[in-house]
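Read through the structures below before going on.
Across the two complexes that follow, chain A remains constant while its partner is chain B and subsequently chain C.
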Partner chain A sequence: MSRFARRIRLFVELSRVSFRRQLAYRTANLAGLATNTFFGLLRAAVMVALYGARQEVVGMSVRDAITYTGITQAVIAYLSVFGWTELMDTVYTGDISSDLLKPMDYFTFWMARDLGRALASMLMRGLTVMLIYALVFDITVPVGAWQWAALLASLLMGWLVSFSWRFLVNLAAFWTPNALGISRLIFATSWLMSGFMMPLRFFPDWFVGICYLTPFPAMINTVVEVYVGVLDAQGVITALAAQAMWAAGLIWVSQVVLRAGIRKLVIQGG
Partner chain B sequence: MRRTIDIYLRLISVQIRSQMQYRASFLMSLSATALITFLGFGSLAMVFWRFDNIGGWTLWEVGFLYGMVEAAFGTMDLFFSGFNPHIFSRLIRMGTLDQILLRPLSVTLQVLGSSFIMKRLSRISQGALIFVISVAMLDVHWTPAKVAYLPLVFFGLMCFFGGFFVIGSTLTFWTVQPIEVVNIFTYGGREMIAYPMHIYERWMRDFFTYIVPAIFLNYYPALYFLEKPDPFGMPDFAPFLAPVVGVGMLVASFAFWSYGIRHYQSTAT
Partner chain C sequence: MAPIIKVENLHKHFKVARHRRGFLGAFRGLVSREYETVRAVDGISFEIGRGELVGYIGPNGAGKSTTIKILAGLLVPTGGTVIVNGRVPWRERKSHVATIGAVFGQRTTLWWDLPVIESLELLQYVYDVPPERFRRNLAEFREMLELDQFLETPVRSLSLGQRMRADLCAAMLHDPMLLFLDEPTIGLDVVAKERIRQFIRRINRERGTTIILTTHDLSDVEKLCERVMIIDHGRLLFDGELSELRNRFGGEREMVVYFDQEYDEVAVDGAEVVSRNGKRVTYRFDGHEITASELIGRISARHRIRDLSVREADIEDLVRKIYEGRLLEAPDAG
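Entry: the complex of A and B
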């Protein structure tokens, strides 16, 4: 087996283990699903009440807006929207020392594990939320192979942007004992700027402009816009390209920061 | 009584002093929580120019509901920190509760004094700020009765959500791990009554009227303060049930709590 094939094999195995571990938390997954559904219903009611008699607002129909509340609840677990501190925890417990000794690139190691976790979450708390939505509401569904393909690409890219960003934020633990506080602040910012609280197109243009200077819209808002179909073919391609650029950029930056961080790292605990 | 208060204050001051030791971390958490509270209402405010009302209510009328519930829930969250199911269940898992039971002091008092999360202050102040701004923009017609009733509504909300914390903690006597579904009533309930209740589907509203009577804690009092007509035709005393429902909830939950304590079997850790 070539070296490359072996690496791929290791990546897939790590993802699979992490996928199974996530599925094993059955009660936690169910409770999470119930909570996501309840909050989704609340937010859908708020949307309907905001729309009132309006049929459409900036290209989004009431139906799109209801679907939007479902999508945002569906990606909470998939993208760890409420926070992800697994990596910084290993820094503070000292477990990181054994992870760094593993014969595998440190970034790829976490990426494989996060992919498994994300896919299991998508299955248990993403698709299920959308299924419940489809039963309760008349929701928007992508049309045609092309839009489905674009959605799939956008979801995958959204995860890649989200993961590399979360990885980068967690690296703060290499420098400061306060990384948890920093990450809370950053995650809260991302809720507003990623389009998690409200679809970005509802906001004033100047604010949307600021949001698009950050990687946050590439995590959720792009997925929403591709899903509900408010973009034309040209717009979809531009949006996917922007996601790919953010992913590539963040992966590169996290490599640089990781290299600097490892030189700085003081292993704690024992 | 005097001794009880004295002990409680001493327990709390230990908590406060220890949290103040990590000042940078404390300030960071404070600003993060402030940002989170602001985001909910702030994002609504930022899209309001496209919509101009929500189920017939203006932004500031919603702000009245939103600020009130945020401030009251935050205050509850501060004083009932020890009864937060996530924090309390740790006492059970670590076996700390066994030590508490052995001390010649009220168990409830010790649990109340076991945690006092200072960063909740930012939630309280954010909620109060939203409330004050909304009231200033609304030009509420204040009467002596309304001024007297306002703190009672606040108190009712605190007791109501405190009751859910106590129930959630009592359940962990049997389950050890906190039951996540309780979050739907605490955090979900908070979110729900931050908006006017008539925007929800019938079955959801009925559930939060007859089974979990959350509708009387914020929505009905707001109808009274803002002098809005009641869309559901409840009796005239409906807006004044907030303290009764709140205190009733807390008393019932403490009854369940003492039942739980009597049936507590240690985790033997």
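Entry: the complex of A and C
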């Protein structure tokens, strides 16, 4: 086997194990699912009230708006929207040394594990939330192979941007004992700017402009817009390209920061 | 043959922020921090040959773990040179760690919430062990370490002894030529300790794995190692054969004798009566001057002995003697 094939194999095995581990948390998954659904239905009700008699707001029908609340609730677990601190925990406990003792690429190691976790979450919580929505409401559904393919690509890209961003934020732990507080602040910021709380279209242009200078919309808002079909073909391609650029940029920055962090760790001894 | 580990004048100094007392101190601490330098490793040199099983002992805070972390590539030293198996560990960390195994007593290298077997099987891909080889090793270690009863248990639910056995297995599955064990028996009961010692001995004898074992439990070393290095305050106090250490500092032995009846006069030439309790008398003697059997002969020539036992001065006593500087002038602590 070539070296590349071996790395792929390790990646797949790590993801698989992480996937199974996530599935094994039955009670947690069920509790999460119940909460996501409850708040989803609540948010849908608020949307309906806000729309009132209006049929459409900036290109989104009331049906799209309801669907929007479903999608955002569905990606909470998939993208760890409420925060992810596993990596910084290993820095603070010193358990990171166990990972550094293994001959593997540290970034792809976490990436594989997060992918497994994300896919299991999508299956157990994301898809289930959407199914419940489909039963309760008349929701928007992507039409045709093209839109489904675009949605899948966008979801995958959204995860990649989200993961590399979360990875980067966790690296703060190499430099400060307060990485947890910093990450809370950053995650809270992302709720607003990613389009998690409200579709970004609803905000004034200047604010949306600022949001698009950050990676946050590439995590959620783009997925929503591709799903409900408010973008034309050209728009979809541009949106996917923007996601890919954010992912590439964040991965690159993570590598640089990671190298500096590990250098600091092995010199100062954690 | 070239040594597998070569360490020369190794230093590792940590900068630790000094806490100031009182309100003003705390305030000044915000503005400018004062640092204190801890010399965890303070000029150590040694070589270790292939297949050796070396005991690296010393009290808490002596610098044992720091040395091991440097050898494992997890720490960059402040000064000195280290070559392990032809590599500078921290420069080529990834290729270096592929060839070593390491167990740090107080933490596991296994995944906390996975069943033991899943963690172990992942290692096949982490270290890229050929499947056939991996099966064979796993089967062998399962038997040697008696892992079967808890293979399906998540690591977090294991007892300390079980976890240590699983960790030893994990450290050996990829056939490392070097094994670092940092306090592998810490916190274990006698039975668990013994099982782990047996494993260490077998690995060293049967596979020729070079092993460095740190411990502050001196019976580990007594039972396992021929060569001992004693470290304190970051400096080597002794590096040599266990028997040499005994000879130089450990001539003193004790013999407890149970007589048939209480005798008035129990003193003999060549030994000193340390304590006396009815029929039970404890003698102390110098092993270099008189052998235990000579002493028994002298005593039994005058009295009837029912039972006796001889206690070897344990290394703990020896180390204390070295620390007290009575028998070795300790280098000035910097």
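List of remarks:
Here, the second predicted complex is superposed on the first by the 265 of 270 C-alpha atoms of A that agree within 3 Å, B and C clash if a C-alpha of one lies under 4 Å from a C-alpha of the other, contacts with A are read in each partner's own complex, and residues count from 1 in each chain.
Keep this in mind: a contact is a pair of C-beta atoms (placed from the backbone, for glycine too) under 8 Å apart; a residue touches a chain by one contact, two chains touch by 3 or more.
Only a predicted model underlies this, so the values are computations on that prediction, with no experimental measurement involved.
Placing chain B and chain C on a common chain A by superposition gives a fit, with no clash between them. Applying the stated contact rule after C-alpha superposition, one finds that A:17 touches chain C and leaves chain B untouched. Of the two partner chains, chain C is the only one touched by A:6; chain B is not.
Across the overlaid complexes, the C-alpha centre of chain A sees chain B and chain C at an angle of 90°, to the nearest 10. Of the two partner chains placed by superposition, A:144 touches none, neither chain B nor chain C.
Using the contact criterion defined above for the overlaid structures, shared-chain residue A:97 touches chain C, although it does not reach chain B.
Number of chain A residues touched is higher for B, counting chain B against chain C.
Once both structures are overlaid on their shared chain A, chain B and chain C have a minimum Cα-Cα separation of 11 Å.
Chain A uses no single residue to touch chain B in one structure and chain C in the other. Interface residues of chain A, counted against chain C in their complex, comprise 6, 9-10, 13-14, 17, 21, 93-95, 97-98, 100-104, 266-269. In the complex of the two chains, the chain B residues touching chain A come out as 24-25, 28-29, 31-32, 35-36, 39-40, 42-44, 46-47, 49-51, 53-55, 179-181, 183-184, 188, 191-192, 195-196, 199-201, 204.
Only residues 12, 14-15, 66, 69, 72-76, 90, 93-95, 97-98, 102, 104, 107-109, 111, 113-114, 118, 122, 125-128 of chain C touch chain A when the two sit together in their complex. Chain contact summary for the complex, chain A toward chain B: residues 27-28, 31-32, 34-35, 38-39, 41-42, 45-46, 48-52, 54, 57-58, 177-178, 180-182, 184-185, 188-189, 191-192, 197-198, 202-204, 207.
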